[in-house]
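Okay, got some structures for you below.
In the two assemblies presented below, chain A is common to both, partnered first by chain B and then by chain C.
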Partner chain A sequence: MARPALLAVAALLALAPLVLPPFFLQLLTEIAIAGLFATAFNLLMGFGGMVSFGHAAYFALGAYASALLVKKAGLSMIAALAVAPVLAGVGALVFGIFIVRLTATYFAMLSLAFGQIVFTVIFKWKSLTGGDDGLLGLWPPDWLKSPAAYYYFTVAVVGVAILALHRIVDSPFGSALKAVRENPRRARYIGIDVRRHQLLAFVISGAFSGLAGGLFAFYNGSVFPDFAFFTKSFEPLVVALLGGVGSFFGPLAGAFGFKLLEWAISRQWPVYWPLVLGSVVIAVVVLLPRGFVGLAEVRAWARSARRP
Partner chain B sequence: MGAIGSPALILKTVGLRKRFGGVRAVNGVDLAVPASDVRAIIGPNGAGKTTLFNLMSGALSHDSGRIYFEGKEISGVPPDVLCRRGLARTFQITSIFRRLTVIENVQTACLTHHRRQYNLFRSARRLYRDEATALLERVGLGDQADRPSGVMSHGDQRRLELAIALAGRPRLLLLDEPTAGMAPRERHELMRLVAGIAGDTGLTVVFTEHDMDVVFAVARRITVLHQGAVLAEGAPAEVRANPDVQRVYLGQSPEVK
Partner chain C sequence: MHAIANLFPWITNGSLIMIQVMSGLAVGMFLFLVSVGMSLIFGVTRIVNLAHGSFYMVGAYLMVTLVGILPERPWAFWLALCVAPLGVALLGGVIEMTLLRRIYHRDPLMQLILTFGLILVIGTLVLLLWGPDNKSVQRPESLAGSVRLFGQFFPSYYVLVLVLAPLVAVSMWLVFYRTRWGMLIRAATVDREMLGALGVNVAALYTQVFVFGSWLAGLAGALAAPTVAVALGMDSDVLTNAFVVVVIGGLGSFAGSFISAIMVGLLQSFGILIFPAISIVLLFALMAVVLIVRPWGLLGRPEDH
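== the complex of A and B ==
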């Protein structure tokens, strides 16, 4: 995205609390968190060619790590949020060592299996995680309590994280990751240790997913086992597909569109909204195979097609 | 890991064998390639050329025998490590990064050559762009740097793969049918280019090729494989005059693609 566009978005986000009621600030906060989760997920899918079906595990590890560090270890929220991505990254490292040994469908299935293991552990380990009851009463400090304050905080943290991920995609590591996606065999023969590269991408993606989980924990005020359930793993997948996996900012656009649709549709059809939302998602994926950003790219594509 | 007799040999195989089920694809190949050689490996289809290449480049593991690269045993060394040690290859079926631009293909190969592939923090956009541009110009793709590589013509994609392989500054380059699918004139041009680069830089090239005109025009020495074993080896004139070679290979109509 061009710098002026980026600055315009930043300005709009900064001004939003002056005009929007608290409800919409909370919606925007959720969008920012979902956008970070999907962007982290898309580091694997869009740039590494690895589709994970178990990314909720790292989101949940980040959320539960944050909750436990505050409730059991007495850390401040900020400290907990700094440590949570590290723990989620360690989880991604331990599982990733096994997962990146596989490719394609097997990769997806093993990531799903590890995701369900995390869910089961959280669900059953009542003494630590509260089991089905979750961990409640998890609030940010007073200075972040208001919707506007937590909104600013989330947007700032997510903004920095997105810029970091953008830098990573553009870095030499990112170039090599795209080479692995395009052609693993050729990548090996230019000297890339393919598995190690995929593992590192998996850990980075897991850590940023954990940060999203931590932010969500304090936004939600509580954490529950279904953060780790496999249905949660499909959220970043759907969001990234909606926005466009081929583009770095696609998943952010997808989060924006998805959450707005979810809100509008669930208001209109309080009972059958998942049916309607699902139909809309299918329509978008079929009609716009490159996602929302595909709309913006049509012009650029037409321009390049005219070139010989 | 033992040193071998002559340090001037860049590549040596001893009694190399590989079987697939009942097929002895490579059946005791002894090969000795001195540094700066331009060596053609020829033989009818099924002679074991591609299998031999896959063994020498670490893509397949052999059943028995030894392979030495620059005097060191390289059995079981993974391809990425071999590549970083200076052994590069191309594939019979073009193998490039299709959705990257032409220059990104080469830049990525340059940056792994310089061991930057784990750098997360700087922008790769301009990194080694000059180096990559020079390589593209060397293979005649200087004017296509910013095109997506997957839309280039077949012949240009083969040239790109050559540039990718050269980006690692290899000392040994294995080319498995580098001109497959190209028109005769293009074949001559490409192999003259390869021979020119080898002459300029002292790079050792081992290649397979079906077009005998190209082979005899470019190769310094030729090794003839037949049924997984070395049938003859020598300078082009010797090989051409060898009665065994004529009988099993050249006498029959050589394949023309």
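== the complex of A and C ==
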């Protein structure tokens, strides 16, 4: 995205609270969080060629870490939000060591298995996590209580996080990661430590997912085991898929479309939302015959066609 | 030894241990019926069908409806048990021919995503057709009670499962190793391209295998209906369990599914005795250990590159 476009988006987001009612600010807050989660996920899928089916685990680790640090350790919200991504990253490191040893389908399945372990531990460890009842009453401090304040806060944090992720993708590490995605064997021959790069990408992705989880915990006011359930793991996948996996900002656009569609349909017919989502997912898979690559190619082709 | 006996008082109770083994085996047999279909479908079509649990759920709901509309006669239950899985097989056939057939040559991850979409669609359709309330199915009168086994009571319905599932396993083994169709299936799991090049209609074989795998999921669901609350969440519950069984046993391995289903069944029934709080963690921990040590499962083959 070019700098003027970026500035225009930032200006629009800054002015939004002046015209939009609080409800839409909450929707935008949700979109920002979902966008961060999907962008962190896409660092793995789009740039590392690794598809995790258990990323909800790191989102939930971030959410529960924030909640517990505030409730049990008495930390302030800001301090908890700073520590949560670190804990989610540590979780991603511990699981990632094993997960990155595998490829493709088996990579997806081991990540799903670890995700379900996290879910089960949260669900069963009642004395710490509250089990099925979750942890309630997690509100931000007074100065962030209003929808507009929390909206500004979230957009700022997400903006900084997205810029950081963009820097990572553009760095030599990002280039090496893309090389690993394209051809792991050749990458190894030119001296790239494939597993270490994959693991580092996994940890970074997990940490930023944890940040998204922490932001969501204080937005939602409560955390539940559902955050870690495997259906939640598909959300960033679908968001990234809808927005375009091949581009860095694709998942952000996908989050916008996804949450808007969810809101429009759930408002009238909440029962039909999974039906619509499932049908959209099936249609995208069946109608885009080249899959992820096809999506990226169509975009590249459209871009080259526009330039003379 | 004395300390262990204090910690786990049941350890000296032989008949309790035997009953626990029996119920572990019964759980394992349910898991086998679900997971062998999933494993078979993967072995031939290379698709990990995440909607397999949804097929199981549809089998259970069809059982609810059929037992409800049939007259209250002793044979009604058995007729329903025969028809419900056929309904699921039909559903599987329609899905294979309209959707999956288009994506066999695609990125495996796209296939996973498509079958995930099916979970959402089928789940919502079940909600719309049958409503949000839990349902239940009466056990047939002849199997409503319990039998005395090792001095303990054991539900006689589980005896049916303990007989029926091994029968299915043996029949499947005979089909796989003693018929031409079974030979084609085994050949397809080894090398699909070669089988096609030899003039076998691979597309038709895929459909047949998918229909058969769906039938197995439907049978497991119909059989499980009288033992559980037939509810909307049962698709994901059974999916995760079947998934663990298939991954531990090795994707596409028939014997692997059987062995790992029994292991997982026993682990569940004893896990509840020993570590009640974390018995499900044990399950995923076992799966994680197997995937780390043998990523392709106990009896599976390494992934093609």
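Following the convention adopted for this analysis, the second predicted complex is superposed on the first by the 278 of 308 C-alpha atoms of A that agree within 3 Å, B and C clash if a C-alpha of one lies under 4 Å from a C-alpha of the other, contacts with A are read in each partner's own complex, and residues count from 1 in each chain.
Everything that follows uses one rule, which is that contacts are C-beta pairs under 8 Å (C-beta built on N, C-alpha and C of every residue); 3 or more make two chains touch, one makes a residue touch a chain.
Quick caveat: nothing in here was measured; it's all calculated off a predicted structure.
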More chain A residues in contact [chain B versus chain C]: C
First (chain B), second (chain C), both or neither touched by A:71: neither
Partner chain(s) touched by A:186 [first = chain B, second = chain C, both, neither]: first
A:278 touches, of chain B and chain C: first, second, both or neither? second
Contacts of A:194 with chain B and chain C, given as first, second, both or neither: first
Touching partner for A:241 - first (chain B), second (chain C), both, neither: second
First, second, both or neither for A:167, with chain B first and chain C second: first
First, second, both or neither for A:176, with chain B first and chain C second: first
Footprint overlap on chain A, comparing chain B with chain C: none
Chain C residues touching chain A - in the complex, by the definition given at the top: 48, 99, 102-103, 106-114, 116-121, 123-125, 127-128, 236, 240, 243-244, 247, 277-278, 280-281, 284-285, 287-288, 291-292, 295-296, 303
Chain B - residues contacting chain A, complex: 57, 78-80, 83-84, 88-89, 91, 95-100, 104, 107-109, 111-113, 116-125, 127, 164-165, 167-168
Touching residues on chain A, where the partner in the complex is chain C: 51, 53, 98, 101-106, 108-110, 112-114, 116-117, 120-121, 124-125, 229-231, 234, 237-238, 241, 271-272, 274-275, 277-282, 285-286, 289, 291-293
Of all residues in chain A, those that touch chain B in their complex: 167-168, 170-176, 178-179, 182-183, 185-194, 197, 200, 204
